[in-house]
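Several structures are given next for inspection.
Two complexes follow with chain A in common, the first pairing it with chain B and the second with chain C.
Take a look at the complex of A and B:
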């Protein structure tokens, strides 16, 4: 992007800055989840799973598109959805690191999707009732899709956790791998705080307790243990500092726009 | 079954075919009819499933969010088509599991076209336009096929394929109106896909070993050459509208025939690809095989869980 809007300062200068940053958090989470899920296409464990993962990926890309469209409207200078989605540098993406983690095996993908979609479910449940009509409308539409993502992935946690010894072991290992990254969702970014003060974003502490309650119950039912929490300092959604995986994801996703800038496709 | 009954059944079957009535799963049918259908429907299903791979190659690199979503929706439809078609084949008394294993073992065929690589973004446009375009011509004709479940699957599939072809042509149109580099990218893709797309209709009528019986039983409703000609006649004006050229110096309108004439097709290439010697045969099958093997523990877990709780 030739001109960028500074949304990465620890204290956004204005409410608009905060709102833009906040919308990027929502949009980028959806985009990066969708992008990763696209990698499963054609190679899922069975055709029905292929179909479901395509469907969920498409939901995420649609949600990202809706958030970017709103961003385009309120952005301080002219831009478009694809400039926002494809033409930023790595440190200008504000997704949580959980979403950018590699898919790993099917268990790891499910672990990542389940932990994310349970968070996303409570987040969107709050946002669909918020006073910003536009945010509420997009969240309400997304909420219906996210209900399905939460149900689909929770069912797989149960099947894999309580299926065979192998699947149990793989599911447990997968949870251990992605676990720490989930906590980034609950560490408020400056934009989260400001939007919360304006009554738009929910209190993340509350979302965290709902999430913990549901995840603990789910894992218990699936005969899985709650992983030990390690590093919880990931803050990509605040400062754009990502994991080592993000650069590769963007190199692939941005290839066409980088190689052939300013063209219509 | 005594001789008379068998003859009666066959007569009744032939009568239904003659009257354009559909044969349904519980109806008596000659074993050869059943075998031919299983072969054709399962090949069609495998083609849908393997056809996801060349497109997937550009899904993660699609240039815009709108294009990425449209491509993903198309691929999702293809997975769905695979499912309907496997179900249609299952009505003939084979299991999807068996059909899929035959496919992974290389015993069953799928459309040759998916053994060619998708090298640039323009290939995604050209696949949608030419490959789906050719598939539609074939499938529209199969909506009148004599086997009920297959005919009904085709009606549903054709609706979605039309959307696929439009999205492909829309990509081509954007490239054709774009920069010099984009136009070149499009022309290169057309050059690479043109002949394989024409080969999608199968060998010339004279050499098509399954055609005669298949036409007699109305499994197939039009000959390979007829459908190929129809495709060419329909596609050339679209090609001209793009301002692009086909890699065929003999392609020319013939006012006497009321059709386009076209140059000789390299059938040796076609037979080579059928025999597994195309640029991507090994890779495509290996990808599906590895995915299937890697997914075994997931399927096992689902079965074990279902047994525990159902």
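Take a look at the complex of A and C:
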């Protein structure tokens, strides 16, 4: 397989490298989240949920597309959105591991989406006010979609957590499974640090405390307990070191573009 | 899984218009019904406001009564206000 893209070392030496890495974090989170949600198409518990999950998946793919388009413009050598989205190798993706976890049952998908969208909500709320006009514009547009993702998934956490014995138990188990992975979002990567120094990225400590406050309140209201936090040292965002699930996801997602390079729809 | 209750969905396409019936969704509660209606019926920018009503609260006329209820109106064209002369200055009617 030809290597079409070079990000050999993820230690951002210059501001541009840091910005590129940072935009990949945003783009890859959205892309991988969207790709995973697409797996629900046709098999969701109800027709209406099927549509809702597809809509949310498409929101994420649209957001990813906007970030990749910006990346294409500032990228040091010529490339295009398809190349960036589909032709990198696993260690060149900088999404947090939470987004690549398997969907599991419906509760696990909801747990993953809720923890992610609450983080994403506060992150984009900060980014839409940042001094980089392009980042602010993309974030402002995405923010409205993310508001809905946050509300949709929070409502499901309440229903399932405070529902029947079975739904409560499965919602709790789902949260326990995905919980640790959420914390990768708050551990600053070198790119997070440099972008924060430039006043573009927010302070992740602040985002974390907003996230914790909201998640704790939500789980309390849903009669769920806050899982114990275990290992939080995942390094996909900073170093491209993924869980074992990522390779399978990429194999499926990249198949078409790898098999038929430059294929257009 | 038990069948979820049915809700009738009404969408207002823009401010100043009235809500129109567009279809139905399954949902366990009103909040979910609004969300499902939004995801099902406003994906292509169809609306700015949604009403949902549990279908069980809709009282419908009996199809058997169709002749009695509606047939008599069919030959009473004079009930349409089309026989009046409109002054030229009146627009938008």
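Quick note on the criterion: the second predicted complex is superposed on the first by the 250 of 265 C-alpha atoms of A that agree within 3 Å, B and C clash if a C-alpha of one lies under 4 Å from a C-alpha of the other, contacts with A are read in each partner's own complex, and residues count from 1 in each chain.
FYI, a residue touches a chain if its C-beta (ideal position, glycine included) is under 8 Å from a C-beta of that chain, and two chains touch if they have at least 3 such contacts.
Please read these numbers as outputs of a predicted model, since none were measured by experiment.
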- Would you check which partner chain A:48 touches, where first means chain B only, second means chain C only, and both and neither mean what they say? both
* For A:73, is the partner it touches chain B (first), chain C (second), both, or none of the two (neither)? -> neither
Is A:105 touching anything from chain B or chain C once the two structures are fitted on A? First, second, both or neither. first
In this superposition, the partner of chain A with more touched residues, chain B or chain C, is B
**Message:** One more residue to check, A:244. First (chain B), second (chain C), both or neither?
**Reply:** neither
Touched partner set for A:152, first chain B, second chain C, both or neither: second
Of the partners chain B and chain C, which touch A:228 in the superposed model: first, second, both, neither? neither
Footprint intersection on chain A (chain B / chain C) at 45-49, 51, 55, 159
In the complex, chain A touches chain B at residues 31, 35, 38-39, 41-51, 54-55, 57-58, 61-62, 64-65, 68, 81-82, 85-86, 105-106, 158-160, 162-164, 166-167, 170, 252-253, 255-257, 260, 263-265
Note: in the complex, chain C contacts chain A through residues 1, 4, 25-29, 31-32, 35-36, 39-40, 43
Given the complex, residues on chain A that touch chain C span 45-49, 51-52, 55, 151-152, 155, 159
Given the complex, residues on chain B that touch chain A span 49, 52-53, 56, 59-69, 72-73, 75-76, 79-80, 82-83, 86, 121, 171, 174-175, 177-179, 181-182, 287-288, 290-292, 294-302, 304-305, 308
